[in-house]
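Please go over the structures that come below.
Shared between the two complexes below is chain A, which has chain B as its partner in the first and chain C in the second.
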Partner chain A sequence: MTKALKLNKSAEEGILEFLKYLLESGKVKGVFTLKRISKNSAIAYSLITNPDELKDAVPFYPLMPVNAGKLMSRFTLKEGAKKPVAAILKPCELRGFIELIKREQGTLDNLYIISSICGGVFPSRTEVDRSAEKKLPKYWESVKKGEISPDLRSVCKACEEFIPYTADITFDLLGNNDIDKHSIFYLNTKKGEDLAKDMKGDFSEKEFDRKKLEKINEKRQAEKKKLYDEIGKKMNGIDGLVEIFGRCIGCHGCSKVCPICYCKLCEFESPDSEYSPSNYETELRKRGGIKVPPGTIYFHLGRLTHIGISCVACGQCNDVCPVDIPVADIFKKVGESIQKMFDYVPGKDVEEEIPLVSFKQEEFAEIEE
Partner chain B sequence: MKNNEEFMPRILAFLCNWCSYAGADLAGTSRIKYPASILPIRVMCSSRVDPLFVLRAYLGGADGVLVAGCHPGDCHYQDGNYYTRRRFVALKKIVESIGLDSDRLRLSWVSASEGQKYAKVATEFTNKIKELGANSAKSKIFL
Partner chain C sequence: MNELKGGIIPSKTGIRETIIDLIEKSVDKGIFDAVIIPMKVPSGDSFVYVLVKDKKLLKDGFPLAPTMLVQGAKAVSSVTRLGKGNMKIAAIIRPCEARATVELAKLGQADLDNVTIISIDCPGVLPTSDFLEDPDKYLKKFDDAYKNWDDKIMRPVCQICDKSSMVTGDLHIGTLGAKKDTCFIISNSEKGDSVAEKLDINLNQNLDSWNSKVKAISEEKKKKRIKAHKELKSTVSGLDNLVETFSQCINCHNCMRVCPVCICRLCYFDSDKVKHTAEDYLTRAESKGSMRFLPDTTLFQMGRMMHMSISCVSCGNCEDACSMDIPVGQIFSMIADETQALFDYVSGRSLDEPIPLVAYKKEELHQMEDAND
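Our next item is the complex of A and B:
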């Protein structure tokens, strides 16, 4: 059982009231949330200190302009947050952040993490063509019923990690039929309890409706199987890879937005990966032709070996790809295959070591031939 | 290559300085016979082998890639080969999941005194690659 706070307001108003209370009471000095930043309804992550600014905040808007895990890392790098800040993150953003913390790219000091049982997000393009706004009513309808909205990102539809692991406060969204009437905050940690302590509302001991969530999970699993079958068919030998990655223009956008790819000097952007005239000559002598820019399959496979173990499948890479390569679908499938070997769920526990920088003496003896 | 000639694979081998390279040396000085398919690269430790090296070799057209190091527990740098092992397990899985041929990658432990074993590994691996045939990445232009 966890402590829970119930407000008799819709989810939208409830969370805003809660945030407003936090700011006004001085329990936190800043709030990190999604916010409408202009009249044409552009949505962006914002750090807010003035309670009045909260009126345009839309904490649970189904968009992920940037993976906020990456932003939190930038924000807490080296010294950590100077003053207490409440951050509203989606579960996969939180997991991405935790993975970055494991890589010493941020800290949880002075941060209060508020997350939600997540219904998934739309592809970013829906914000560009303004279709997100129109899809909202339908989205919330499916969230209430615990169904998979057809407008979601492909990896969101197939996501089984919609319950946040390490949030101080979890907001009940997905599968909750009453989000029009009540807001329920699960206070998972002591930190979370302290935040909500003096708030006006009903406190009780509550438990997630596991049965309902299990049902949602089943739907997601079915969707995942579909996704994996589909992408698995394409990943077929060298020819399959050429088919998938052949149109890659080498912009490295997928690694730029990836919450796990944090290296300032990326191997693939270093002079080592640059093709010199003599490299071209060798390749041409050997193969009689070369795709330019070269090394695109190498780049994607290489990135898989570097960050596949920690991929949280947020889908950001799918969204930014200018030539529609299903990067996230592939990374989710392949990443999961290696995560399973080490029994590792990226971002589940900040104390857990990244498998590739740790070892056990007795394991995998069968790999040696 | 003419068609009637037997296919001789080209296998890139990353050998650790302290064990496997010395083992390969021993195989040579002991005049043990093994196929000439192996192109050795000496690295200071098997854990120096970034999975990227292996991928680059594979996509560059190497028919097989061998990584060899000290037996677990015998690493000159205490723990290097334990990391190698985990990385290699992961790499093999990635290669397999993406639909490539993970049988072309091999990890072996060969100590400095195991000239015989080195020759055995080289022979076995070469035979296996011969069965698999040439790496199709070799002839692909658009990689």
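Our next item is the complex of A and C:
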């Protein structure tokens, strides 16, 4: 059983009222959430300090312009927050942030994490062609019913990690048929309880409807199987990789937006990856022709090796690819297989070490075998 | 500018074949050891630059590819940035790629000593997203448009390009104004002269019809360009409009990564200089009540404009790589025209012209003084 707060307001109003209370009561000095920021109603993450500004906030809007885990890392990289700040993150954004914290790229100090049982997000394209607004009613219908909205990112459709692990407060969304009527906040931690403590509303002990969530999970698993089958067929051996990544233009947008890729200077942008004239001459003797700039597939394989263990399958890389390579689908599939090998779920627990960093003696024996 | 010299060569089977033929002959005669040329990828849905030595592979070369996925200047820089090497290389690229290559050479990012740049009259390129929708269909559409020099399906910046036949490399293949089954070959350097000589091409033939056609097209495009920039200016100028225009930017910096002249290994806007403490961010947010996070999206765009617009060649690669469809290429082409006009500079026009922000002239000091009066 978990402590829960219920407000007799729709999800949309309830979360805003909660955030307003947090700012007005001074429990937090800032709220980090999605907000409409312009006349053309572009949606971006914002740090809000004035409660009046919450009128344009859209905390559960199904878009992820940037993986907010990356943003929280930027917020706390140089120095943790000294004053309390509430951050509303989607589960995979929170997991991304936790992975970054393990890599010493941020801290949870003075942060209150509010997450939700997530229905997934639209590809960013839908904001570009302005179709997101039109798709919203259908989206919320499927969220209520616990179904997979057809407009989601491919990796969202196939996501089984829609319940946040380490949030202080979890907002009940996916599969909750009553989100038009009530808002339910699960207060998972002492920090979460403290935040909600003096709020006007009904407090009770409540349990997630595990059965319902399991049913949703089954649907997601079926989608995942479809996705993996499809990408598995395409990714067949080095020829398959050449087919898939052949049109990569080397913009490295995928790595730039990845919540896990945090290197200031990527190995593949460093002098180590540059070919000297004699490198080229040698290569040309071997194979007659070489793509320039070289190293396209090597980059993707390298990135897979570097971050596969921590990939949270948020799908940012898919969205940002100018040539529509299904990067995220590949990284989700391969990432998961690496993670399974180490029985590791990225972002599940901030105390759990990243397997590639920790050393266990018996792993030696495994290699020998 | 000096009068260009050129000759006329037969081109019976189409311009792509003519160019491949020319290159093959040059390789046979030992003029070049390798060639940088666009090629179709194995899946057939894209074109990439390949450095080719093997003559058999050269047959798959695809000059005048319908799209520009990687800017050719980046390909040349990738091969020669660390030195000129021992190979004599021909680079078959478009005029804006040649211009960017010249800028990169001036910025110390390419060594052109052993490179012969061969450019081609350019009809423009297709927006990447259109092409990827149906590569075969769009290749055909491109070829049809090429025949009629119709730019309606090309990138927006290509539709207003007045330098699509600008000769800045060593050799240039001209198709405009050419009689049936022929094309022009124009030399712009001693290197170009020497290649022509070895291929027995007489460079003292009449280029009038090419010159007049190029002039007409370039003047027409210039008019279109001025008009388009004027219209664009009314929607993006002023801080409010700029912020609005870039409001959807997600900071992926794709525009910068694909830009041929953005050469910094670590961009200022990715450096520690733009990383602040949580307390600083919070203070800044408090001053406005709410702050976009990350902040400084528009500042990045303006910073990039200041850093590279003097060398911008209006290729439009930034716009094609933008995942949020911001017309960043059109905006940069507009700013670039103004920045370059200020210094009477045209990016990539000549290797001998120093980049104004690098060169120092004493009288500029007086201009500064005057401006402060």
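One rule holds for everything that comes next: the second predicted complex is superposed on the first by the 365 of 369 C-alpha atoms of A that agree within 3 Å, B and C clash if a C-alpha of one lies under 4 Å from a C-alpha of the other, contacts with A are read in each partner's own complex, and residues count from 1 in each chain.
Rule of thumb we're sticking to: a contact is a pair of C-beta atoms (placed from the backbone, for glycine too) under 8 Å apart; a residue touches a chain by one contact, two chains touch by 3 or more.
These figures come from a predicted structure and were not determined experimentally.
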{"item": "Overlay on chain A: chain C relative to chain B, clash or fit", "value": "fit"}
{"item": "Greater chain A contact set [chain C / chain B]", "value": "C"}
{"item": "Partner chain in contact with A:Leu265 - chain B first, chain C second, else both or neither", "value": "second"}
{"item": "Partner chain in contact with A:Phe75 - chain B first, chain C second, else both or neither", "value": "second"}
{"item": "Touching partner for A:Met341 - first (chain B), second (chain C), both, neither", "value": "first"}
{"item": "Touched partner set for A:Gly246, first chain B, second chain C, both or neither", "value": "both"}
{"item": "Partner chain in contact with A:Lys291 - chain B first, chain C second, else both or neither", "value": "both"}
{"item": "Overlay on shared chain A, then closest C-alpha pair between chain B and chain C (Å)", "value": "7"}
{"item": "Shared chain A surface residues [contacts with chain B and with chain C]", "value": "239, 242, 246, 287-291, 294"}
{"item": "Chain A-touching residues of chain C, taken from the complex the two chains share", "value": "34, 36, 39, 41-43, 45-46, 48-54, 56-57, 69-70, 74-75, 78-87, 128-129, 132, 243-244, 247-248, 250-254, 257-258, 265-266, 270-272, 275-279, 281-282, 285-286, 289-294, 320-325"}
{"item": "Chain A to chain C touching residues, read off their complex", "value": "29-30, 32, 35, 37-40, 42, 44-50, 52-53, 56, 65-66, 71, 74-83, 85, 124, 127-128, 239, 242-244, 246-247, 249-253, 256-257, 264-265, 269-270, 274-278, 280-281, 284-285, 287-294, 319-324"}
{"item": "Residues of chain B touching chain A in the complex", "value": "51-52, 55-56, 59, 61, 72-73, 79, 82-83, 85-101, 106-109, 121, 124-125, 136-143"}
{"item": "List of chain A residues in touch with chain B within their complex", "value": "232, 235-242, 246, 267, 286-291, 294-298, 301-302, 304-306, 308-309, 330, 333-334, 337-338, 341-342, 355-361, 363-364, 367-369"}
